[in-house]
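You will see chain A twice below: alongside chain B first, and alongside chain C after that.
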Partner chain A sequence: MLISGLWIIVTSSLLAISTGLLGCLLMLRRSAMLGDAISHSVLPGIVMAYLLTGQKSSIALFVGAIILGVGVSLMIEFIQKRFSVQNDAAIGLSFTFLFAVGVILISIFAQDIDLDQDCVIYGELAYIPLDLWTTPTGLNLGPRAFWILLALAIINISFVGLAYKELQVSIFDPLFAQATGLHPQVWHYVQVVLVSLTVVAAFEVVGAILVIAFLVTPAATAYLISHRLWSFLGLSCLWGITASIGGYLLAWWSGGTIAGAIALIAGIQFLIVLIISKIAKSKA
Partner chain B sequence: MWSAVIEFITFREPNIRFVVLGSIFMGISAALVGSFAYLRKQALVGDTVSHSVLPGICIAFLCIGTKNTPILLLGAFIAGWLSLLAVDWLIHQTKIKPDSANAVALSTFFGLGVFLLTIIQHTGNAAQTGLDKFIFGNAAALLKNDVWLFLGLALCTIVLVSIFFKHFALLSFDRQFAVSIGYPVKALEVLLTSLTVIAIVCGIQAMGVVLVASLLIAPAVAARFWCYNLKKMLVVACSIGALGGYVGAFISYLAPAMPSGPWIVVALFFIALASFIGAPQKGIWARFRLGQNNKRRVQEENILKYIYSAQEDGLIKEYTITPQCLAELRNNKTLEAIEPYKRLCRKNLAIQKGSAYQLTSKGIEYAKRMVKVHRLWELYLAHYLHLPPDHVHEDAESIEHIITPEIEKQLIQLLDNPSTDPHGKDIPY
Partner chain C sequence: MILQVENPVVEVHDLTVAYQKKPVLWSIDFTLPAGNIIGIIGPNGAGKSTLLKAIMGIIPLASGQIRLWNFPIKDVRKRVSYVPQRESVDWDFPASVKEVVLMGRYPKLSLFQRPTKKDHEIVKQCLAQVEMLEYENRQIGQLSGGQQQRVFLARALAQEAELYFMDEPFAGVDMASEAAIIKLLHQMRAQGKTIVVVHHDLQTAYEYFDWILLINQRLIASGPKEKIFTPELLQATYGGKLTTLTKIGELLKKKSFSSRKDG
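Showing the complex of A and B:
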């Protein structure tokens, strides 16, 4: 129990690092709900990939999800700019449509498919230690999800690390970025691709809805108390990790679902930090 | 197939009646409150509330221990209300932006809900089975009682919105003004929020937590493209909501394995898309046509004007010229295109003579007026803005197409019936 608990905490902490970084960027672009939109819209992509390849092979699912993730953000942008619809309405319109298409696909191919709405909505962290990755020679390398999320965390960290300056400029002053020859749009789409990738990976472990808890709540908590981009990013990851640990402990103690408990703890952390910062501000 | 369609349309089976009527009433009340949410730039409130009701349902269940629908709905209502209160507070009292406030509230409430749900499942209480189905919704399972509930809700919403129409309208467009003229803004907001939460809570039963947001947003967005008047917009939104509900129920009846909720969403999406493209005036097709017509008009007017001034300079006779000649004369290749000349012919402003075109008397009059306003404007710029004569032409080139007869009259008056423009050419009257 102890070992598997450790695997769960480590894996969800890795997820928290990826989402913590991306969540900050989403928040700064005022598109926190884009994360929610992407996490719901990848559903038809996953179903299609599953139908076409006939297996739950991760790569096909990732490709399907990325196509849909980028697709939905293009769709939102198109509706917003071409039809001049306000941003939140464009988001709501797009992701509900794509999610509906996903549900319809599932119900059409219900016999051939071993996906159901439950697994899409919830996901289960407790299964992480059960799905092991073994080499052909039989060597046990630990949970598959751990390796996927480790790779993603490395990708995301290197993205933010390598493009730190570019991101900073293109988020805080897109016009200046454009003027100096950086392409804020390109960075935006790289970010969208990464969000889709991360969301799919998160999908299997925490489900479609609670991804948003990982993406936004730790970032929002960090946002309350940080004044610099690097501290914002760092604190966001930190809050995600503490929420993962706290959530696991809460779930272990109470017998509830881990993902739900993590989202709850993240929310409680946010509330506590909010109250403390309010008190500190009123004293100052 | 056809017998099924006829059976559906004639409402012969009571089950069809319940599902169709339930979906329609649900669509109407959601569209109504959704329109106000959309106008108040809170389109995603539906998504937030729908996810946030879950802990309310779970706590209500934990309190009473059975699946008593009214009590569960009450719990859902309270939780949904609290989530909106939290979002509102976060937006106004902290530096958290609206999008993040929604996301934080949504995920925390839903997280708590899922957490409680699993705890309930582990208690082994047999009564809990199917509690989690609340998340997915199922319109096909609507019963007679639900339909009465939806009908009552829809009527209630319509009546309240018509009573407080003026107040809600002002609240949506200019909250500050509503406060300043002494409207009980807080109470009105409470009322509007309550109506919204009730509509969503009922919507979830048929649509599920994810898709219910569409019921609020899609009709409002689509309706916004059809009219400029709030009253009309509400009527259109309700009709679209009802239509979406009807189509969704229809499809899920034809293919019984199909859940109706997603089909309602798909139907609403395509109605919205059709509105974006095809709506008169605001749709992109209408706007595209408008732009194209303008461009064509400018093209035609330029040609008329060029022919007129060529005649004036004695370069051509009897207002007759070939497109190639005109293009050469003005040093503008685009004038070789033959379509604008054809359009002039169709409008009886010119007639074709071999490869050349001649202006009719109507065409000459039109051309004369274009030249007149062009030169009047040049004179106006030179006179009042003290621009040198060689700087006024470009500006007049673009403004001449939008000067109305009224402005023309004023210009003549202002410039005191001038006879020549800054270049020394006669202004034709």
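Showing the complex of A and C:
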């Protein structure tokens, strides 16, 4: 129990780092709900990939999901710019449309498809230690989810670490960035691809609700008390990691779902920090 | 009245810009002289900001050609600085004054390269020049409008450019900041730099600028301010609105008064 608990906490923390970083960037771009949009919009991509290839191999479905994930981001932007619709409205109408397309595709062509709703929405962190990655020689390398989320965390940390100044200036002042010859749009699309990649890979492991909670809540909590971009990014990761630990302990103690408990703790963190920062401000 | 100059810094030829197929600038044609403080004046919606964005290559041109020192903008970006409107950014962004000014050094750094000690020193100098050094560690959201504008100007200074385009640097700034900005523009001019400023306030335009461009979707006039500030040209720019006309009358009185004083 102790070892498997550790795997769950570590895996969840790795996800918290990826989503913590990306969540900050999304929040600064005022599109915090993009992760939500992507996680719903990948459904038709998964169904179409299944219909085209006729197999449930995870690679094909993954590619289908990524294409739709990037697709919905482009669609949102197109609707927003071309028809001057507000960002939140564009997000709402894009992902509900695509999700509906996915549901219709399933009901017409793929009624036999085995989609475990419970698993997709809530995920099941408790199974992480059971799905092990073993080499052909039989060597046990630990949970498969751990390796996937470790790779994602490394990709996201490298992205934010290496392109820190480009991201900072592109998000803060896109006109100035463009005038200096940077391409804010390119950085934006790289980020969108990473959000799609992270959301798709993660929701198979932890479920859509926790991914969305992780993309929004720790960043929102960090934003309350951050005056610098680097501290904003760092605190956001830290809140996600502590929520992972606290959530696991809460679930262990109460016997409830781990993903739900983590999301709950993240929400409580936000409330506490909000109250403390309000009190501190009123005293200052 | 459109005066052309020899060896222009900026040359705009037959420029037309459209937003969603609706033209906002029509066949604009002018040249600008080096070492001047140049004002782009016109009513709201005249396309002043659009003109700056077009020159900086931020928005696509429907037609026309723009040359800076006879080069296309993409070849001379490092010699040119652009200061967007203060309202165009989110001042709640988690960044300090120092960090924003440091952004002016980014174009000099290569992709993924970190700023050096020298970059930080230049940032300090630039902050001192706009009298904002004591605020270097403040979060930018805690500044007044005028102070935010000065931070933007410090960032522009940090670019060490030769040609500056500023979009409404005087909009919504306090008296102290206005004086600091004017002083700075004069210093820059003394160093031989060219500054092009979008400005909407006719009252102060004559006092601030050496050369004036009057636009209202089309170019009405371009030349030294003494030749441009005539009732005919100002009327052509602002139309026949009664309030504007009375204002123009007052301005012209002021102008003759100040030139008498100068002479």
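Everything below uses one rule, namely that the second predicted complex is superposed on the first by the 268 of 284 C-alpha atoms of A that agree within 3 Å, B and C clash if a C-alpha of one lies under 4 Å from a C-alpha of the other, contacts with A are read in each partner's own complex, and residues count from 1 in each chain.
FYI, contacts are C-beta pairs under 8 Å (C-beta built on N, C-alpha and C of every residue); 3 or more make two chains touch, one makes a residue touch a chain.
These numbers come from a predicted model, not from an experiment.
In the superposition on chain A, contact of A:I171 is made with chain C only, not with chain B. Of the two partner chains placed by superposition, A:M75 touches none, neither chain B nor chain C. Of the two partner chains placed around the shared chain by superposition, chain B is the only one that A:F270 touches, whereas chain C remains out of contact. In the superposed model, A:L197 makes contact with neither chain B nor chain C.
Shared-chain residue A:S31: touches chain B; no touch with chain C. When the shared chain is aligned, chain B comes close enough to touch A:F97, but chain C does not.
Once the two complexes are laid over each other on the shared chain, residue contacts for A:Y223 go to chain B and to chain C alike.
Judged by the touch definition given at the top, the superposed model places A:I212 against chain B, while chain C stays out of reach. One of chain B and chain C touches more residues of chain A, and that partner is B.
Shared contact residues of chain A with chain B and chain C: 223.
Residues 28, 162-163, 165-166, 168-169, 171-173, 175-176, 178-182, 223, 226-229, 231-232 of chain A are the ones that touch chain C when the two sit in their complex. Contact residues on chain C toward chain A in their complex (touch as defined above): 53, 56-58, 74, 77, 80-84, 88-90, 93-96, 99-100, 103, 106-107, 109, 111-112, 114-115, 139, 155, 159.
Across the interface of their complex, chain A is touched by residues 38, 41-44, 46-47, 51, 94-97, 99-100, 102-104, 106-119, 122, 132, 135-136, 209-211, 213-214, 216-218, 220-221, 225, 257-259, 261-263, 265-266, 269, 272, 276, 284 of chain B. Looking at the complex, you find that chain A touches chain B at residues 27, 30-33, 35-36, 40, 79, 82-83, 85-86, 88-89, 91-93, 96-97, 99-101, 103-104, 107-108, 110, 117-118, 121-122, 208-210, 212-213, 215-217, 219-220, 223-224, 250-251, 254-257, 259-264, 266-268, 270, 274, 278.
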